[in-house]
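Following: one structure in structure tokens, then a few remarks.
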Amino acid sequence: MELSFSIFIAISSLTFMTPILLASVGEIITEKSGVVNIGIEGILIASALAAALTAIVTGSLTLSLATAVLTGALIGFTHGAIAVYFRSDQIIAGLAVNIIAYGATVVSLASIWGAHGASPRLEVYTPALNVLGYKVPFISLASILIALIAWYALKKLRVGLALRACGEDPRAAEALGVNVNMARILATTIGGALAGLAGAFLAIEIVGQFTRGIAAGRGFIALANVAFSGWNPLLAIVGAYAFGFLEALSVYVQQHALEYAYIAKTIPYLGTLAIVALAGWKARMPRSLAKPYIKE
Amino acid sequence: MSSREHVVLMKGIVKVYPDGTQALKGVDFEASEGEIHALLGENGAGKTTLMRILYGEIRPTKGEIYVFGEKADFKSPREALRSGIAMVYQQFSLIPSLTVAENIYLALSSVRRISPAEVRARAEELSRKLGWSMPFDYPIESLPVGLRQRVEVLKALLAGSKVLILDEPTSVLTPLEVEELFKVLKSLRDEGMTIILITHKIREAKRVSDRVTILRRGLKVGTFKTAEISEPSLARLMIGEEIELTVKGGIPKPGAQALVVEKLKVKDDMGVLRVKEATLTVKYGEIVGIAGVQGNGQRELVEAIAGLRPAIAGRILIDGVDATRLTASKRGKLGLSYIPESKLVGLALEMNIVENSIMTLLSRFTRRLVDVDWGKARDNAGDIVRDFGVVCRSLDDTVKSLSGGNQQKLMVGREIRRRPKILVAHEPTQGLDVATANMVRRRMLNLRDEGSAILLVSSDLEELLSLSDRLLVIYDGRIVSEGRPEDYTLEKLGLLMGGVIDASYG
Amino acid sequence: YRQVQAPTETVTAPGKVRVAVLFDVGGRGDLSFNDMAALGAEKAKRDLGVEVEYNTPKSLAHMVPLLEELSRGGKYDLLILVGFLWVDALNKTADKFPKQKYALIDASTGVRRDNVAEFVFKEQEGAAVVGVLAAGMAREVQRELGESGPIKVGAVAGMSIPPLWRFHIGYLFGVKYFEKKTGERVEFYWTYTGKFDDPALGYSAAWTFLGQGVKVLYGLAGLTHVGMFNAVIDWNERGGGRALAIGQDASQEWFNPKYIPLSGSKRVDVAAYKAIEMVVKGAWRGGLVVLGYAEGGVGVWDLEGVKYFAQIAYETGQLKGLTPDDIVRIVKDARGKYVKSDVEAIAKELEGLIVTGKIVFKEPASEEEYLSIIRELEKGNLNAALAKGSIG
Amino acid sequence: MMLAMGESGLRKVYPVLESLAALIAGIIGGFIVSAVLGYDPFASISLILLSGFGNIEYLLSISVPLTLSALAFIVPLRAGLFNIGVEGQAYVGALAAVYVSSLTGFPLPIILAPLAGALIGFLIGVLRVYRGVNEVVSSIMLNWTLFYTVSFTISRYLRDPVIVHQSVRVDRMLSALEALLIALAITIAVHTILYRTTLGYYIRVMGSSPEALKYSGSSESRVTLTAMSLGGVLGGLAGALQVYTVSGFIDVTMSAVFGIGFMGIAAGLIGRATAVGALPASILISALIIGGHKLELVLGAPPELADVMIGVMMLALSAPYALRLLSSKVLG
């Protein structure tokens, strides 16, 4: 690879990692509070549709982002509330979110635009910066910032300590004066909101419209990235970036080995797996993850 | 009500848990300013429940609460904290992965706005005043229990509490640490604080409290001035019937060496060396007790003996066989049985009683290599349940649905009924009421009399003194003393357990 | 060069003919052959007054039972099967229901049956002309930017399956033909994204190519290449670069006529329409129908076609802000700007060779054969791709 | 709370009540979505619910491989392991079935396919035990890796001489009845393994508490490896049965097998993570999917309406406590 091309790939991977990073950080926040939400894929899809619909109807980027974030937050909130008050099996509920979101968005696509695959094109863009001559969407930088903030907040701020307390030992957290139920719902809502932003980014910045099942598994990649990172937002940046970078690399490798095109496609997946297996940082998940907290 | 005296007033408290358990059946309770008030009662009497209600953690089914003369209706501990009530639970309310400072900050900031730096400064000042040196930047999980309790107390005091509830605070402390704690409590009382001390140790209540309230099976028996009531009458009021407080065994007839531990070194989950060259021997037909403050390596020691934790160095001989590298099940086949301290280890809570009843002896209930004989297992489970009085609806109940005490009975019963050649028992009577605990003790003595070797680790010193034929003291991962129980006084034991003296002394 | 005509009106016949269109897995919304099949059927519905129903199997697992059930039911005069995944189901079913008529589109069972009409396309032929034009367009973009060095063209493809092998061969052939005729060096970039439904992946694959200086990208990946379009648009409008995209199957210029001035055609709609028409007119004939350049089955969309699809998009609300006429005007300008007459001449020449049958492309029967053709083409051996005729 | 006398009786029927309630919730969910989006809700729902049962042979042939996939998910789940790798295991199982069949003919593939699946399950287990890699991470990554690797193998080594994109086909197919018998036999086997054997015992102990497992004399690594391998065996079988009862071949786009692992998770969970629940749940899901096909054909509504119903059903099943709350409110 030439140097300038390497720099190009290095910079543009920032764009491609963004949805995965945002969703991962959201999920880390959610899981730190003791709730697991494997419905991120569904949130990505649903909020991408919300972003597209709003952008088309209003033409406003701000509104479009806001609706997507709100949609994500709403789904996250619902998931959290069901988990907290109905003590749901969070895994089943999350899978259900995925299935419902996929089905409902395809059905909506047909009933809103009479289309089966894609919405009309969106005529909005997110603002972007120019880094060494290459486009870097502002949201991509923001996503890194969000990861840093999440890391800092989880480590230092009261709200972060409180969240972690809920994920470690909800009973003790409650005794420490934390409202565990509220904290968990708050966390899933924030997690959902970030996944919502990721969905909007996917639709607005990358694809330029809504397409059926637009996330194409990125929600699950984000989920894997959460475990990959050991619930650390900083390492989540590394994981998301590595995946984006390896995806680009696989395109490059194929050029030189057409007969191994299929094999080249495995690069991002095997590469990520190799990183986790070799790095082997001992990840400890929040002790009370996915366990309902029953007060009495 | 006169608000001056009755800092806390609870009237007609009834509590029915969601599963229908009637924990409190109309209890009145009051505590005044500047007193240490002991709340005495057997296991399951409702002491903790009453205080959890006062602390706002759970809501009473019926009843009224007044704090400083005002009607209180706390919806959460946060509200109670704001009103000046703090509680230190039996299981500490600390987040293991957070540091001391973070834990304290989290607790204080839920009461009012405060910066981490300010919390830190005030915590340091207070601990200096109490003469404690606290490792503020260490995660709780790296601290010994005694220190964790101090964190809890610091937390409560810093929150500006006027009422401090302590739930069985002494059960995890050395006698020395108990003294320390009582000294602090008394000085706090003298400063005007109200201290409610939950305990079922009559002697403690007698020593430290000003007044005592006794609960029995969800009802209040009465409130008395401590000075005006004797220990035997307290015991009678508490238990409701005369029972022997201690069990005495026959004369031991030690035989061959059953269990030998040589220069054993063991690490804990965090990789910290917890057992540092421990050496001990248990012979057939004797009970060897180990005394020690929680966190001095006894858990790692017995887990290593049971085969749940690798030994870093040293040897373990079971019935003469070098078992250092053997798996837990191989050791079981050599005749070793182990009662763990934690029910999470000793029981599969999601599974039913029958399934749990064969957990350590699956091979005895297996036909043709893999086929589990459930008929036989069911019989076995029925025997345990009957023999140890496990209260359950049916043998198909999940163990999760049993009360803590009944879970303990099931686990202990399973191991004792196995008639092991060698039994390693870690806190075998925890959570059991006195009658059942005594039954378990008697069964262990029977086992010994039948020739089994027993290694008993317990935090109940009276239990140790009355059951052991030989007594060891563990401190900081080493056996620091060995002798016959008659050789020890409670005071000397305390000093040994606290590491103040070692065996060479006296 | 001859461009493919927009679908034109035909006779309106009466009759209560019932047709079911059975899509490929994934179904409508691929902006590619499934949608095109629906388009043809809808046109037949309007023009021929037939009743059309649609069905999308959830997975290949459902194809055999579904087809059997519909055949047994006997409710439909014609079952249109879209995509090669139906081959097996058809082989299992067709002989059991000799009265049921089937039309298989974009694949062949390899067996001739009276009740089965099969429509296959010579993707190589259309793609070859696209290749010439793509190289020419890339050259103009490069000139416009004042860049020197080899011309760079590329494609973002879906999965490595036979239709895409044919596209690959044709496209590369066209590029090499251009190289031969002009003597200008062209670098060729091709990637299989492995998916037909992941536009974000299409974006990142395209972006990687654009970063390597590729100036024209051909989209051969269904929904996935929607992301490629967006990457090209971004590259122009926000990346500070200049590049063009080429669509495929339907005319996709209306997506963004400025940067997508060209689309290859593959008339799945014509095939569907023809099949229905045979039934309606009582002119059914089983057997293989090969739709090549000469038959108007593949090629490059002309402005009429561009307008036709822009019109559909306009009516369904997909196209906003611009009218179909605007689209046509912009496309015309763009084509004028980027397709120079020398290139047009080369394209015409190649087209002539194809239409007159002077050259006929090989049908790769295996992946090995496909790969070896590609290797030869890369070396400049154009004849390796030909079953008949040769390039001098 | 509950009436004291009926309590234990109620406990027994609760799972059934919950499943019923979930079905109803699913129906209501589908009803609302179809009504909101402008399709006749009564017609839509009755089509989706009933038409699936019109052709039992069709229904069964689709349900059987799905059952295997559900079982493949359930077995590790009972040990607390989340086997999302069924998908990839099914790929290699299908590949092995087709390949071995081309070399030897029936019944050997049915033996070797599970072995291939087991290898993948074992690998996931090894990564977890020896490298501490969370099985969710490795499964997700391996699924895609295997997708492309199997595609590669088909396109390179297994093409059909006549129809290029297809692999060599298996030499005989199983009838729906044969498949059903196999599924029943395997269900019984899995149930027996889980509840009657020492292995199943240890699997369940681990699912309850890994600490207790060690205490009971087994080890987490051993059970992890066996449970994942067993899951892999079933996943491989799911792929093989998909080929043997449904498709007869696999193609480079893997569409014969694609998605079976993910649907299996849904079926396993709707079947309440029990071996005996897997088959009924698979039949229900398959019927809904077939119903979705009919819906599109008859009403022109998107077949994905069936997905919405399946999802709502799962959501309802995820929170049995909601039902308990509801019934305690209703009963007083």
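Observations on the structure shown:
The first chain written gets the first letter, and so on, giving A, B, C and D; residue counts start at 1 in each chain.
By our rule, contacts are C-beta pairs under 8 Å (C-beta built on N, C-alpha and C of every residue); 3 or more make two chains touch, one makes a residue touch a chain.
Bear in mind the structure is a predicted one, so any value in this text is a computation, not a measurement.
Chains that touch both chain A and chain C: D. When the C-beta contacts at A-D and at A-B are tallied, the pair with the greater total is A-D. Measuring from the averaged C-alpha position of chain B to that of chain C gives a distance of 75 Å.
Look at where the CA atoms of chain A average out and do the same for chain D: the two points lie 26 Å apart. Spacing of chain A relative to chain B, judged by their CA centroids, is 44 angstrom. Rounded to whole angstrom units, the spacing between the C-alpha centres of chain C and chain D is 37. Annotation for chain B: residues touching 2 or more other chains are 18.
Contacts with at least two other chains are made by residues 160, 194 of chain C.
Each of residues 116, 217, 262, 265 in chain A touches at least two other chains. Taken as a contact graph, the chains fit none of the simple arrangements: neither line, ring, star nor complete graph. Here the chains touching each other pair up as A-B, A-C, A-D, B-D, C-D. Chain C contributes residues 27-31, 35, 160, 189-195, 197-201, 203-205, 207-209, 211-212, 223, 226-227, 229-230, 233-234, 238-240, 255-256, 316-321, 371, 374 to its touches with chain A in the complex.
Put simply, chain D touches chain B in their complex at residues 1, 4, 8, 196-199, 201, 204-205, 207-209, 211-219.
Interface residues of chain A, counted against chain D in their complex, comprise 82, 86-93, 95-104, 106-108, 110-111, 116, 217, 220-221, 223-224, 227-228, 260, 262-263, 265-266, 269-270, 272-273, 276-278, 280, 282-283, 292.
If you check the complex, the residues on chain D that touch chain C are 55, 57-58, 61-62, 65, 148, 151, 155-156, 159, 161-166, 169, 242, 246-249, 251-253, 255-256, 258-260, 289-290, 292-293, 296-298, 300, 303. Note for the complex: chain B touches chain A at residues 17-18, 55, 57-58, 76-78, 81, 87, 89, 91-98, 102-103, 105-107, 109-111, 116.
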